[in-house]
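In what comes next, chain A is part of two complexes: it sits with chain B in the first one and with chain C in the second one.
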Partner chain A sequence: METMAVIPSDLAAAHEAEEALLAQVARCGYSDAATFAIKLALEEGMNNAIKHGNKFDANKTVQLAYDISETRAVITITDQGGGFNPSALPDPTVDENLEKPTGRGVMLIHAYMDEVAYNAAGNQVRMVKRNT
Partner chain B sequence: MQQDHPRMNISSEGGVTVVELTDRKILDEVNISRISERLQGLVAKAESPKFVLDFSNVVHMSSSALGMLITLHKRVREKKGQLRLSGIQAAIYEVFVITRLNEIFDISESVEDALKTLN
Partner chain C sequence: MQQATRSEWSKETPREDAMESGGNMLLDVRQQGPAVVASLVGAVGMTEATLLGQKLDDLLQKPGAVVVLDIEHLDFICSSGLGALIQAQAKARQYESKMRLAGPRPMVMRLLETTRLTNLFPVFGSVSEAIEG
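What follows is the complex of A and B.
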């Protein structure tokens, strides 16, 4: 069953919504590794939506939709920004980018989630993590 | 001498400042900003900063926290100082490996091991 939350562009409000999602993950008995992965990717995804998508605009919201079963967690984050091109992001692991303080969030989402997909507009990310 | 800070315990061991981060989760921007401000202040005051950051309480970190550490590392390097990270739990260490930041930072198992590497 899917749960949906509409969150203002505020990191504290996002944190509350994240905790509710993670409580469901805990109830479904996810492994420590899967839980860590979901928490990290969720945090990065929500931060990106608020900071880069909505640019902290108080008039914009983030939609967090999720369906957590005992076998997989499906999480979709949608912001109201203009979207971005994920394939145009610089690789933060190449030598010249290693000491840049930003630019790792999307890479970490891809590293920790089993499936990651964006909509055409680039303002929605759908992530899936299987319980292993 | 032990000084307490809402998010860290600071002590001195033979000229080295040991900072124990006490938050289990270093995630939100406000928290990261406060930690950064405090650490940058300590670096600024030291002539040749020698720091050990103890992560043994930390179970979650965001990429913003990694950015904070990179900026701190640069400041310490500018002052010809030394920075060590210690007590990083396995799951967090994996984040450092995935981002290749384990190649930037000197990481030790414990504060004691980190202190041994400082001259």
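What follows is the complex of A and C.
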């Protein structure tokens, strides 16, 4: 069953919503590695939505939708920003970009989740982690 | 906001107090031989990353200082926290001091390897190894 939360562009509010999602992950018995991956992707996705998407605009919200079962976690984060093109981000793992601040969060989401997809506008990310 | 103005964070500080001030991270700083050892406990998300960066900047400002960041009890760090470490390493070069990481847990080590930040930070298995360099 999907749960949905609408959160102000505020890190404390996001943290509270993240804790509720992670409590459900814990109840479903995910491995430590899968739990770490979900927590990381969730933190990165929410930070991106609040900071880069909504630019901390108090008049904008972030929608966090999730469906956590014993077999897989599906998380969708939508912001009210103008969107971005994830493929245009520089690769943060090449030597010349190691010290640059951009792109590392998106790269980590891809590295730790089993499926990642953005909508055409680039303001929504859907992430899936299987409980293996 | 009380936590941000503390000159020193201590493991003895009750965890609930840190949570109350909006952070989920504790940093215990001590002198150990020739090095300053900063033990990082808990989780570093975007909220905590700024505080961590400020504290490391303070510690690294002394030229010649060797700062060992003990991350054995670090459960979680996001890209903002990694960004704070990257900035601290750049400051260390600027201040002519050194920062070394010690004792990462497997999941944090994997994160450092995935991001290839092991190419940027000297990472040691233990604090004593990091002090020896």
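Structural remarks
Operating definition for what follows: the second predicted complex is superposed on the first by the 130 of 132 C-alpha atoms of A that agree within 3 Å, B and C clash if a C-alpha of one lies under 4 Å from a C-alpha of the other, contacts with A are read in each partner's own complex, and residues count from 1 in each chain.
The working rule: contacts are C-beta pairs under 8 Å (C-beta built on N, C-alpha and C of every residue); 3 or more make two chains touch, one makes a residue touch a chain.
Note that the structure is a prediction, hence the values are computed from the model and not measured.
Because the two structures share chain A, they can be overlaid on it, and in that overlay chain B clashes with chain C. In the superposition on chain A, A:P101 makes contact with both chain B and chain C. By the touch criterion defined above, A:V6 reaches neither chain B nor chain C. By the touch criterion defined above, A:A20 lies against neither chain B nor chain C after alignment on the C-alpha atoms of chain A.
Using the contact criterion defined above for the overlaid structures, shared-chain residue A:A117 touches neither chain B nor chain C, since it reaches no partner. In the superposed pair of complexes, A:L89 makes contact with neither chain B nor chain C. Within chain A, the residues touched by chain B in the first complex and by chain C in the second are 11-12, 15, 32-33, 36, 39-40, 43-44, 47, 92-93, 98-99, 101, 104-105, 107-108, 111. Put simply, chain A touches chain B in their complex at residues 11-12, 15, 32-33, 36, 39-40, 43-44, 47, 92-93, 98-102, 104-105, 107-108, 111. Contact residues on chain A toward chain C in their complex (touch as defined above): 11-12, 15, 32-33, 36, 39-40, 43-44, 47, 51, 92-93, 95, 98-99, 101, 104-105, 107-108, 111-112.
Of all the residues in chain B, the ones that touch chain A in their complex are 27-30, 60, 62-64, 66-68, 70-71, 73-74, 91, 95, 98-101, 103-104.
Interface residues of chain C, counted against chain A in their complex, comprise 22, 45-47, 76, 78-80, 82-83, 86, 89-90, 107, 111, 114-117, 119-120.
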